[in-house]
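These notes concern the structure reproduced below.
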Amino acid sequence: MAMAASSLFTCSLQEGMCFPETKSCSKNFLCNYVNPMHKQLGCSESRHVRHPRFLLNEKSLMLKETEGLSKRKGILCQSVKIENPPSFTMGKKFQLDDVIEAQQFDRDTLSAIFEVAREMEKIEKNSSGSQILKGYLMATLFYEPSTRTRLSFESAMKRLGGEVLTTENAREFSSAAKGETLEDTIRTVEGYSDIIVMRHFESGAAKRAAATAGIPIINAGDGPGQHPTQALLDVYTIEQEIGKLDGIKVGLVGDLTNGRTVRSLAYLLAKYEDVKIYFVSPDVVKMKDDIKDYLTSQGIKWEESADLIEVAANCDVVYQTRIQRERFGERIDLYEEARGKYIVDRRVLEVMPKHAVVMHPLPRLDEITVDVDLDPRAAYFRQAKNGLYIRMALLKLLLVGW
Amino acid sequence: MAMAASSLFTCSLQEGMCFPETKSCSKNFLCNYVNPMHKQLGCSESRHVRHPRFLLNEKSLMLKETEGLSKRKGILCQSVKIENPPSFTMGKKFQLDDVIEAQQFDRDTLSAIFEVAREMEKIEKNSSGSQILKGYLMATLFYEPSTRTRLSFESAMKRLGGEVLTTENAREFSSAAKGETLEDTIRTVEGYSDIIVMRHFESGAAKRAAATAGIPIINAGDGPGQHPTQALLDVYTIEQEIGKLDGIKVGLVGDLTNGRTVRSLAYLLAKYEDVKIYFVSPDVVKMKDDIKDYLTSQGIKWEESADLIEVAANCDVVYQTRIQRERFGERIDLYEEARGKYIVDRRVLEVMPKHAVVMHPLPRLDEITVDVDLDPRAAYFRQAKNGLYIRMALLKLLLVGW
Amino acid sequence: MAMAASSLFTCSLQEGMCFPETKSCSKNFLCNYVNPMHKQLGCSESRHVRHPRFLLNEKSLMLKETEGLSKRKGILCQSVKIENPPSFTMGKKFQLDDVIEAQQFDRDTLSAIFEVAREMEKIEKNSSGSQILKGYLMATLFYEPSTRTRLSFESAMKRLGGEVLTTENAREFSSAAKGETLEDTIRTVEGYSDIIVMRHFESGAAKRAAATAGIPIINAGDGPGQHPTQALLDVYTIEQEIGKLDGIKVGLVGDLTNGRTVRSLAYLLAKYEDVKIYFVSPDVVKMKDDIKDYLTSQGIKWEESADLIEVAANCDVVYQTRIQRERFGERIDLYEEARGKYIVDRRVLEVMPKHAVVMHPLPRLDEITVDVDLDPRAAYFRQAKNGLYIRMALLKLLLVGW
């Protein structure tokens, strides 16, 4: 069956097309798997058939009822006892149930995800649309608008042959507006889809959703909290552009206090060897101590600098961020002062090494001047594109496994 | 051709996949059918080829022009005279043109729809996405938001391989805002799609749309009026959970004055034998006399009760509903009083028979306590899921027939 | 390969279905083409493989780097030198990169597009969904709502087997709201899709987008500016309904000052021989001199008339338009006066020739009475439907070529 699975995969690489027969036949061998340590409740039936965590021979499968759960078909779970689970799914790093926060990824998982992302890049470029996720439905449950992120996920799903249900104004989700809990909403939506990509205004909402859902949840940003797929695409971009992650020098520039992305990025970079991080920011938006302390505890060298030119001359990556006006409230004066302070322009490019790159999570205002776009080292639009590959990889991993 | 049609259907059951050849070949035999008693005007051409009501041999087909309609291709209809129409489509109950109101379904039609819904459940669980509705386009024309209902319909369409056009804010449908009539909007949208699922704020809007449209209309709720698919999924859920409809005892609890769903449910239950209905509601939101009188006229036993525990002990189904705050306007005091009165909690579960179930149209606030969710008899999330199967069934029936 | 391509095309005409094998095989021969005179920057990789302008044998392909562009894969372009480009793509009229304004189409291009539109009509009617655009993704980037136009484009894409990413409130596109330039937004979105259909509130926005994008842009209306697909479908409808364009007599009625559609229509009609145009409008909304002068310069006969009946008696086409209340601001009195002046009703129909038609861009209020709908000469709903065929044709031409 492993063979069938890989052949399925190969064919989609070679032709960007899996033939119905192959597909449905392999499907006949899919069996539901529910991590017993996790999510006893709320596993929708659709997950039982649509969200296998791995493939195995039907004969080797025994079902035993979990204590206190009824015979009723429906949303209750079954735990599955497996004899000789196939080796290719062994190993902790392959247990990817949900994508909730950057902290959940160790170095091995990251490189495994990046490997799949590179496959996705091939698929997106060389085929007329893959069919790997044909028959799967993704629900984008967005409690606050984020068109860029939503389009990126929906494109990823569709590039792999999957389908999408869209809710951009889930906050006015009629039922939510009427006072329904997030948990109830998730239980309803999981009945209609195979995976939920959620954007929420409350920190921790994604974790709550994942605790309820029987299908995978991807956190597409929860308020001031996490935006793990952004963090993954940032690290992936560095590896793709610079060719390595160990031993790199990264300058984080701009709003380091409120910038969710720079905080997650610093966190993930700490997983690599011999990394050096420079913080370049106006005083009002300095990097907070929690991250600095964490870096120190991990033996990561970091320093603060007020000289962008000097930093740019020494770095492999200049990661610029937008000063977020909305954080300054009435103090427009402080905003204007902070905003003008560190601009990436031709002068910065001149001192940057040939191999270095400028990154930015986008949107950018004038913290990077437009003339920089013409320079090959301007990586921010490639970075945005990498978001597509990372999201394709995560969708593939969560829905059909490694 | 009947054979081809059924084989088409079987294959989709077996593999969840129909092969292009089969599909297109069968398509070659499709012919347009317009019920002559119905919809002389406004039949879009697309319906002529995309919305057959049954299949027959082209040779056995004679076209005759309807009086006063021109030769022009376009939105005018043709009536079709059929020699020996295939038997498997005979019978009044198979004439499903639109889904407008609960009243349109007789007992036979209901059980026929439920039979298809059960097939849909198999398709959704055992296949990697059916292709039954491949090539069909559904437009969701929502004049007021109802994300739950919209997602359920869109999921149903996509689970069957169909495609969707979404309009969640049709009220600001640029043209509607400019004063276009509903009829004109329908005539435009029917040119872009094969079926329209409409949610509207005005009672009767769905009927008007159906009178205009040449393609099927499904009423996804029109204001205080009807929400027929909810009524169908409620009855379907009772049959699935209890195993029968004749002779059941149902307790309707909560807001019985404004609850559209309980009113439709009571109406449909009247079609079955030996049913007993209990009304349990605060005085301010009692069931209205029209339904009571109707039940009496149909020989259905009903009584009002103030004792939820006693009712729960006697019923197969406890159907709880939300007290709708929006109906109380300024009188928050009345709302709060009504709201706290009848809560389904562990105490209620203790007296309920083992085989009985708790249902709720959702969203629920605290009228059912969260600890009830863990009990196998909590059927409300399965009920929501059944909405998917009922909608899959209706889409299949309206687009490709029985 | 030309053969393979045409066979691909034929099969989709015959069966409305291309078999995966054929498709992917032909895909293997696709090569990227970038018009060197155009769009040096911003060509997304996806375009390189997904947006071929023609097919050719891989061996006959040599890549040469464009001056000053780096080796980096990414958003920079490569120009492609072709030995013996296949003849079937030669000829200026076949160079369709974007659809920005009515002025860009010459008479030959128009008739070529109309020819494809007629093919699309066959596909939409005779097949269960074509697969011509399978694997292609269209992004609808709407900065102001226009549900009618959006649905029409999305239906067109899906009728051809393509997929869609929707943004109806791009104005609140989180990043746009934060001050991102249109250019940056386009560079991001082009990374997620193969073609962008844009509606914008600013005149000229589509041109700016096209200058930035490496994938085709279709202007779905930019403020007071252009709405080229409407203009195309109007001319197409006249040809379909009257059977010719040379020598026709057209009466343009209603708001000729603000009516974007009548202005573009007059402009396009000037490309044909021996055309006569009548302007019938209230004084406050007369046709502006620029169009009148242009018509004169092109040798097109035109006159203004206050007598709708007389004009209707002489015309092949009576093109009625809505008096746009929003243009009158406070002067409701002027609006009401203008609005009642020229109504197309049964009286007008009585004097119209049998072969003539009434057209209207829709939405209509009461400038055409409802009883007119029953007359075969009422072409406005067929006209709306033609919008689908024209958009299918443009999507096909821009994505897979002639």
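Chains: A, B and C, in written order; residue numbering restarts at 1 for each.
The rule we apply is simple: a residue touches a chain if its C-beta (ideal position, glycine included) is under 8 Å from a C-beta of that chain, and two chains touch if they have at least 3 such contacts.
Just so you know, these numbers come straight off a predicted model, no measurement behind them.
Chain copies chain B and chain C are related through a rotation whose angle, from the C-alpha fit, is 120° to the nearest 5.
Two copies of one chain, chain A and chain C, form a contact in which under half of the residue numbers belong to both partners. In terms of their C-alpha centroids, the spacing between chain A and chain C amounts to 37 Å. In chain A, the residues that touch at least two other chains are 166. Residues 20-21, 23-24, 27, 41, 44-46, 48-50, 69-70, 72, 74-76, 134-137, 139, 163, 165-167, 169-170, 172-176, 178-180, 184-185, 187-189, 191-193 of chain C are the ones that touch chain A when the two sit in their complex.
Chain A makes touch with chain C in their complex at residues 15-17, 19, 124-129, 145-148, 151-152, 154-155, 158-159, 166, 168, 322, 362-365, 373-374, 376, 379, 381-382, 384-385, 388.
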